[in-house]
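Each of the two complexes below includes chain A, the first together with chain B, the second together with chain C.
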Partner chain A sequence: MVSKLEAKNINVHYGTFHALKNINLKVKANTVTALIGPSGCGKSTFLRCFNRMNDLIDTFKIEGDMTIDGRDIYAKKIDVTAHRKKVGMVFQKPNPFPKSIFENVAYGLKVNGITHKKFIAETVERSLQQAALWEEVKDKLHKSAFALSGGQQQRLCIARTLAVEPSVVLMDEPASALDPISTAKIEELIHELKEKYTIMIVTHNMQQAGRVSDKTAFFYMGELIEFDDTSTIFTNPKIEQTHRYITGRFG
Partner chain B sequence: MIHIEIELQKLKNQVNEMGSLVGKQIKKCIIAFVEMDKNLAKEVKIQEKRVNAFELKIDRDCENIFALQNPVAGDLRLVFATLKVNYNLERIGDNAEGIAQYVMQAQEKFDKKLLEETRFQEMADNVLHMLNDICTAYATDDTKLARTIFQRDSVVDEINKNATEIIAKYITENHSKALAALYLLTIIRKLERTGDHITNIAEEVIFYVEGKVLKHGKKDIPLEG
Partner chain C sequence: MSNASRNRIKDQAFYYFAMACTAFALLVLLALLTDILSRGLSRISWDFITNLPSRLPEKAGIFTALCGMVWILVLTILIAFPLGVGAGIYLEEYGKKNRMARFIEINIANLAGVPSIIYGILGLQVFVRIANLGNSLLAGSFTLALLILPIIIVSTREAIKAVPKSLCEASLAMGASKWQTIWNVVLPSSFGGILTGLILAISRAIGETAPLIVVGALVYVPFAPAGPMDQFTVLPIQIFNWVTRPQAGFVVNASAAIIVLLSFTFLMNGIAVYLRNRWYKKVKF
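Let's look at the complex of A and B:
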């Protein structure tokens, strides 16, 4: 079976800095993979490689093979904009556009040239429902997105990502700026979304990694130290470094 | 030392204290039984309340560590195992109290010849040493020492198994001493159960140190090192 996401001998440099060292990792479809490790270990760099966001950094250089559905995402013929449509991204801080709730979710469709009003309205509603936000905003769709709470804004950003129908959703600490109730909602959402999407999440919250993910990858100083079932990582990791990190002995 | 390490060390210290108390309880109830010392038996019964208090305290401390420290991996296994070690030590304490209770009820000294025939003292010494060693193994994370328990418990099991026939024969020949003989059989059963609890603790020590599950017939793993 072809892995949904695969990294083969991935090396990343930012100028002379060797940020990722020979990373090999396979991710199955419809699973949640948590990337953990101390700051600067390369987990966010690795996450961003999958939607080619690092391309925007001048000194970035990548070697090795990175595939989604078996296709090389760094092949010359790849249309990067089309690729990013298939690989959605949710960031640490909610970043809605200064537009209405409706326009935020419809944005991706409109910039892709879709003008069919009924289709757009249906997609907005479906995306907001998938992001577990519809019930809270259905009566104020044309109000500013900034009127929403932080947790609602983050779910709005998730809805905006889902509207363009990606198959992979990348999340970079999506709940680190949220209160516990909003965090719980995002986590519940991740559970629901994995039925349709393949999710990769960077988190500094060990309990969150335990709660939401099927697999966990521990990165340290640019290396993938251990990758296993989340339950194994948090009960009986095989590598001492992993044990020391997750139990708080170093970081 | 990070905070959770301090909390876990405090937890282990308490279990070590409880283990030491339970060890004394078993030792005293055996002496009380062999010497028919009812005062010592009474002391065991009184001290049982301390064992129970330890159990409640350790349970509560484990609960607090789960809730407040969110232990994972080896730390999680230690707290999880400690809950079970705590339970097993408390049950050993119950057995000591049970033996003390029989001593208090007994009318006369137990027949020394029958004690010899059933290898009672050998059984009692074995159980005491096993208990002492398993407490050391828990305190020092010594899985090699914990693994010696399984073989030693089979000796205790064998003595228990043979006791039934010996005591049945004794009763048919000594009708008037049937009650005392039945008490002895019950006490032997309690020591056998104590051996089982010590074995359970050995499994927990290996579980939390090595992450290996040895329950239910998976003990025949060769000694390491």
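Let's look at the complex of A and C:
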């Protein structure tokens, strides 16, 4: 079986800084992979390689093979914008557009040239339902997205991402700016989204990694130290460094 | 005397000094306004605004100058706005941030400080002579557009810089192209700032006299301009012309014209402040 996501000998440089060193990792479809490690270890960089967000940085340079569904995403013929549509991303801080709730979710469809009103309305409703936000906002779809709470805004951002029907969803510390109740909702949501999407999540919260993920990858100083089933990583890590990190003794 | 009480006295002294500075600036402005208003206010009437120029002060009006000014403003905005915003977008969003970019950045800031008469001489050579526009509204507008271009570019860049990066990333991550991101996310979020910059630039252009005299704005135009290739005059030139006349009546006219010009500037600045507040209320991050 072909892996959904695969990284082979990935090396990333920012100018002279060697940010990722020889990373190899395979992810199966419909799983949640947590990336953990201390700040600056390269986990966010790795995450952002999958939707080519690092291309925005002038000094970014990548070597190695990175594939989604067996296709090289850094191949010359890849259309970056079309690729990003297939790989959704949720950011650390909720970042809704200064538009209405409806317009936020419809944005991805509109920029991809879809104008069919009924289709857009249906997709918006379905996406908001998937993001468990529909019941809370169905009466105020045309109010500004800023009127929502932080947790609701983050679920709106998830709905917005789902609206363009990606097959992979990347999450960069999606709950770090939220209160515990909103965090619990996001985690519950991740569980449900696994049915349809392959999810990769960066988190600083060990318990969160333990709760939501199937596999966990531990990064340190740009290297992938250990990658295994989450239960193994948290109960019986093979490498001493991993053990020390997850028990809070460094990092 | 103890250290603490000496500090308290210094503190007090500085408070009064700062207040005196503010008062001085306001008093001068107040004196100017009272002087102008007491001389010119009685002269302002509908006739004064709609009359053509005349050699008799009580019959003379500012109609041609006002028309010329509105023409100049509209043409200048049409030229400078797309150029300035386009250049601002390029420098902020597309241009690589290297040494060349910093060099350009410094020079744009420098351009904003070049004396306006230099722009006039440039306009005279490039637009009036080489482009053969003659001493027309168009030549004047191009010259003023050059003059305010640096202000618009700088304010566009500042406004774009204030848009959170995460918003652009969110748009790009959904498969929007760079242009779609700029058009749908960056520009709507920064438009308040861009507009404010434009209006401030325009209110500077309103008061400019020197470059327009150099490119050949006339002091006496018998009729209001009807097209962009017509000859023209503007309010500051009309005022300049009137204060040089010996007759007392023209000095009164000049005061009245200054009131009109000042009202125009205040109005523009007022609009700028209003737009900024309105936009910032709507778009918060």
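The working rule: the second predicted complex is superposed on the first by the 251 of 251 C-alpha atoms of A that agree within 3 Å, B and C clash if a C-alpha of one lies under 4 Å from a C-alpha of the other, contacts with A are read in each partner's own complex, and residues count from 1 in each chain.
Here is the rule we go by: contacts are C-beta pairs under 8 Å (C-beta built on N, C-alpha and C of every residue); 3 or more make two chains touch, one makes a residue touch a chain.
None of the values given here were measured: they were computed from a predicted structure.
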item: Fit-or-clash call for chain B and chain C when the two complexes are aligned on chain A; value: fit
item: Partner chain(s) touched by A:Thr235 [first = chain B, second = chain C, both, neither]; value: first
item: Partner chain in contact with A:Thr16 - chain B first, chain C second, else both or neither; value: neither
item: Contacts of A:Met206 with chain B and chain C, given as first, second, both or neither; value: first
item: Greater residue coverage of chain A in the superposed arrangement, chain B or chain C; value: C
item: Inter-chain angle, chain B to chain C through the CA centre of chain A, in degrees rounded to a multiple of 10; value: 140
item: Partner chain in contact with A:Ser39 - chain B first, chain C second, else both or neither; value: neither
item: Touching partner for A:Val111 - first (chain B), second (chain C), both, neither; value: second
item: Touching partner for A:Arg249 - first (chain B), second (chain C), both, neither; value: first
item: Overlay on shared chain A, then closest C-alpha pair between chain B and chain C (Å); value: 33
item: Contact residues of chain A, present in both the chain B and the chain C interface; value: none
item: Touching residues (chain side chain A, partner chain C) in the complex; value: 51, 53, 56, 58, 81-86, 88-89, 91-93, 95, 97-98, 107-108, 110-112, 146, 157, 160-161, 164
item: Residues on chain C engaged by chain A in the complex (per definition of touch); value: 96-97, 164, 166-167, 169-177, 180, 184-185, 188-189, 282-285
item: Chain A-facing residues of chain B, complex; value: 2, 4, 70-77, 211
item: Residues of chain A touching chain B in the complex; value: 206-207, 210, 233-237, 242-243, 246-249
